[in-house]
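For clarity, chains are labelled A, B, C, D, E and F in written order, and residue numbers in each chain start from 1.
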Amino acid sequence: MENDIKKIEIITDYAFLNRLVKLIDDTGVSGYTILKDVAGKGLRGSKDGHGIAGGFKNCYIMVCCDEIEARKVVEAVRGVISRYGGICIVSDAHWVIHN
Amino acid sequence: MENDIKKIEIITDYAFLNRLVKLIDDTGVSGYTILKDVAGKGLRGSKDGHGIAGGFKNCYIMVCCDEIEARKVVEAVRGVISRYGGICIVSDAHWVIHN
Amino acid sequence: MENDIKKIEIITDYAFLNRLVKLIDDTGVSGYTILKDVAGKGLRGSKDGHGIAGGFKNCYIMVCCDEIEARKVVEAVRGVISRYGGICIVSDAHWVIHN
Amino acid sequence: MDIEQLLGNFLAPPVPFFFLGLIAVLAKSDLEIPQQISKFISLYLLMAIGFKGGVELHHSGFSTQVGLVLLFAMLMAIITPLYAYWILKKRLDVPNAAALAAAFGSVSAVTFITASNILQDADIKYGGEMIAAMALMESPSIIIGVWLYRKYHDHGTNAQHMDFKELVREAFLNGSIVVLLGSLIVGLVSHDKGMQIMKPFTGDIFKGMLSFFLLDMGVVAGRRLGAIKQAGLFLIGFGILLPLFNACLGIAISSLIGLNQGNAFMFTVLCASASYIAVPAAMRIAVPEANPGIYVPVALAITFPFNIMVGLPLYYYVLERIHG
Amino acid sequence: MDIEQLLGNFLAPPVPFFFLGLIAVLAKSDLEIPQQISKFISLYLLMAIGFKGGVELHHSGFSTQVGLVLLFAMLMAIITPLYAYWILKKRLDVPNAAALAAAFGSVSAVTFITASNILQDADIKYGGEMIAAMALMESPSIIIGVWLYRKYHDHGTNAQHMDFKELVREAFLNGSIVVLLGSLIVGLVSHDKGMQIMKPFTGDIFKGMLSFFLLDMGVVAGRRLGAIKQAGLFLIGFGILLPLFNACLGIAISSLIGLNQGNAFMFTVLCASASYIAVPAAMRIAVPEANPGIYVPVALAITFPFNIMVGLPLYYYVLERIHG
Amino acid sequence: MDIEQLLGNFLAPPVPFFFLGLIAVLAKSDLEIPQQISKFISLYLLMAIGFKGGVELHHSGFSTQVGLVLLFAMLMAIITPLYAYWILKKRLDVPNAAALAAAFGSVSAVTFITASNILQDADIKYGGEMIAAMALMESPSIIIGVWLYRKYHDHGTNAQHMDFKELVREAFLNGSIVVLLGSLIVGLVSHDKGMQIMKPFTGDIFKGMLSFFLLDMGVVAGRRLGAIKQAGLFLIGFGILLPLFNACLGIAISSLIGLNQGNAFMFTVLCASASYIAVPAAMRIAVPEANPGIYVPVALAITFPFNIMVGLPLYYYVLERIHG
């Protein structure tokens, strides 16, 4: 189907949200979605979602785009994620409505 | 597998949440999940998630259902999304537990 | 691809979050992501996300792992979900970045 | 304070804000109080009322009467769910009867706080032990409810059973009780010095915060009104008559142990109110077959407004007759 | 109060906190006020100002002048979007012109509240009817805006049209109006007794809460400043000149119906302010082709700061000349 | 105020609420303060303390002593991370040593605010320059920490390096500093008039808000207690002894530049406290190899409670000996 897309999901420390958004913006994708109050656990310990102590919380970014853009986005964020932690996964989806 | 399902994800302006929920309810699907504090960027500019200025924020709705229901849901929300903006994507998943 | 993973998504009443997290922790998976403010509707009625009245809200847990771990996680949470309600779905995804 | 004055009280804040919230929902307004704000204000109210209770308790000391109050409070919390279950079982299945019975054995802090408001307007004092009684009455009915459920409900999946010890711990250590009792102890220890420090926060702005909270309660109750229709006449009747019956018991016990007007009123309110926060949260886990769409609305959208509108003035009026 | 004193007012809280927020954004600080807190404080401000208005209205009673104020307020809310549309149509397409016109026909509660602050410092009173006027002016322009849009905009997808009745209901029953009017009624009914109860909450800490809110407004406005550059000189000019023109109208009407200095000032401020909350929320739904990236920043990042910095002192100064 | 009175202070709010939070976590209660509420109250506290500092600074004026305080505050913020690093390097790797050293070079606003509480109870004043000193001490150690890390840590991925200019900007313009310094300037400019306006908000309810915040701090610290066990004796010792050593330095410097009792106490507290908010946030980005599971708990779950329980009374007692 021609409306096949890739759905990229990134989860990392909240501290990197602005940086990542800038990097993603620079790839020229048409849009993305952000969640700001995300808790979790990973290799870098537990994030209980609490705001005080230096912000033990994560952010979540989702980008829907075609495969070529998806590669660009992944390359753009690879540096930050592989250095600072978090995950980035990609899955298949289909546009149904968008304009 | 007989427990194959479709996972529909809708992201649009928060202002349309109630409308969409009503439309989805009317299709008769058994359930859906909603996130109310969603930020992002799309063709209609940036939503920084802030509540004041007329609510620059999005909502997220996820519906898991079979393929036939999925078509109904997509048709039900198509009008709102294509007129007012936002995205609707569909991907494949499997029920594991639900009752 | 060798970096194929399973993405497990669990949505259930907020009251069970701690229980589920403990069960998932015990399976030994490397991480998970949690959303705490989740609304929705299911067989057990509507959760409008409100905190007062005994917490009419849900939680969302996402676990990315390989297929063997995925089975463990699903078995671990099956008891709680099938007894207390909520959904658990699995879909395919690919690791792109994680370390 | 005659009955006219009393009714007049319901036109002054905080109570009318409850109706404002109700009306907003009925008129389909999009009014919505953010969830974290609800949580904040409810913790604030518990802190304020607990702290004040501790200071009062410091002044009154622990008399035999204080002991009697706590004893009878505990008793009511244990007996109420038993006879409530017995009534409810006539129409509901075991899980729902047990869950709803538990809700009525417990108390509603907001009803209590609204009641304290009436006394304050009438310049009548009540003792800090009533706060302790409230804390004491919050959880026992959870245990009774679960006991009833397990005794009468045949369920195959025994293995899935919640650990009972875990349940007791959770029931007695939920956040509300910790803040209420903790603040009571802080008040007890710091008393007058503490009161001087905290008064602008826990005292002066208290009624404003309560107004805001009742606005929220109105919205939440309004959204549950729909569920009431489904609940049917039996449950509506139950949600009104049980509080009335319990209020009679409360008044009788108050006379028996010789409580003064203020304490008698607060004790009666404790008996007559039902929990829509702590107990439902526990029942969701312990009695999953029960339908929260039933037990929450009965306590929140019937008993709570009934008490606020009719119950409190009525109990007050009756007690004023007795004591006046 | 001479002009120096007046300018001095802008160095005292709450206003400087607006600039602190602006500067924080311009300096790229990560300062951010949580969203639910914004919502809480804005509901608080509406409750406080509505309640106070109700109490004042109780004292002043409903005179012919009160009727005249409400009548002219309504009139301004209907006429303003009409001529604003006529001007905007010269440069913008129909949907954007209609949406922006609607914003200027409505009012800004925060501007109003900041203005009330100036009067309080100068010990000048204004009547509770001004609050009622604010509530009355909030929504009519939404209807006018939608009417303009539908009249002049040729759109194929007629079927997708919002139900007009639904729209009217939403416009007049949004959360802000419900809280404002509801609190006004509570104030009206409970008056002095109510005021005594609520004052520490709705009065004493009011300016502090407003300071906090303006800090937030500064941050939000600062983030929209970028959009202003795109908007171009025409819209910047519009965002400054229309309020000035409306202020003149407001002053003229005030003289015509013989308002005293305080009421005249508040009425002028209502005419001169533009909505960046209620109207945008409605336009998003009713006029989806309009770009919120245009109509929100003009009202929020041009007109609002202009009024706060230049408008309010200016209107005050002129009215003082007239009345003093 | 003798030592008994002093200890008595710890039984009055706000401090006991910290322990309530701690105990709640240890007892596995589900008590949880919503995240946005924490953020709100911490911004409130910064606004209140900054504003008060500005007003005080207006009264005291800028003397040579004010200059000396700021100079030595800056010096301590630069030197502390250097010798802290030198000690920590004996047991930890470079990134962790650098990050933890940075935390101890910076300050804890909540410790400072709790200390100001003690002075207020004892009716001792301190100057607004101490607030300025706090703002000044918050960030330099971030730069030192990063410098140490880059100097001693050999890392292949040089390209990934954070832009240094960016880092400095972020360190000095984080939201906390902007609100603290901004409010200080507003206080400085609006002084008595401003104080009169803001007092009910920033003054009267301050201790109540602080109580609520400390309840939250207790919960957060309690959750980090587990990590302490892993940290081992060396880090526990460090988290107690370094503050004591720094307090000695602080007391010595205070004597050297002739600070009065109040200022000396506050300066000592600044030296002895460690950052668990601003510095960790910066280290997460600048020194990603460091483990926040180590540097946050040491500052938050060891040094903070130690200062609150033992440090503050001790420093106060010593300074009273010297000055009394």
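The rule is short, and it goes like this: contacts are C-beta pairs under 8 Å (C-beta built on N, C-alpha and C of every residue); 3 or more make two chains touch, one makes a residue touch a chain.
These numbers were taken from a predicted model, which means no experiment stands behind them.
Common neighbours of chain E and chain F under the contact definition above: D.
Among the remaining chains, those touching chain B and also chain D are C, E.
Taking each chain's centre as the mean of its C-alpha atoms, the one that lies farthest from the centre of chain A is D. Using the mean of the Cα atoms as each chain's centre, the chain most removed from chain B is F. By number of C-beta pairs in contact, D-F leads over the other of A-F and D-F. Because chain D and chain E share one sequence, their contact can be compared position by position; here under half of the interface residue numbers appear on both sides.
Remark: chain A and chain B have CA centroids separated by 19 Å (rounded to whole angstrom). Centroids built from CA atoms put chain E at 38 Å from chain A. Within chain E, residues 30, 34-37, 39, 200, 204-205 each touch two or more of the remaining chains.
Multi-chain contact residues of chain A (touching two or more other chains): 35, 37, 49, 85, 91-92.
All chain pairs that count as touching, in label order, are A-B, A-C, A-F, B-C, B-E, C-D, D-E, D-F, E-F. Listing the residues of chain A that touch chain B in their complex gives 5, 7, 25, 30-37, 64, 91-99. Taken together, the chain D residues at the contact with chain C in this complex read 35-36, 38-39, 42, 157, 159-160, 216-217, 220, 223-224, 276-281, 283-285, 288, 291-293, 296, 300. Those residues of chain A whose C-beta lies close enough to touch chain F in the complex are 13, 15-16, 37, 44-46, 48-57, 79, 83-85. The touching residues of chain D, when paired with chain E in their complex, are 8, 11-14, 16-17, 20, 23-24, 27-37, 200, 204-205, 207-209, 211-212, 215. Listed in rising order, the residues of chain A touching chain C in the complex are 8-9, 11, 35, 37-43, 49, 58, 60, 74, 77-78, 81-82, 85-92.
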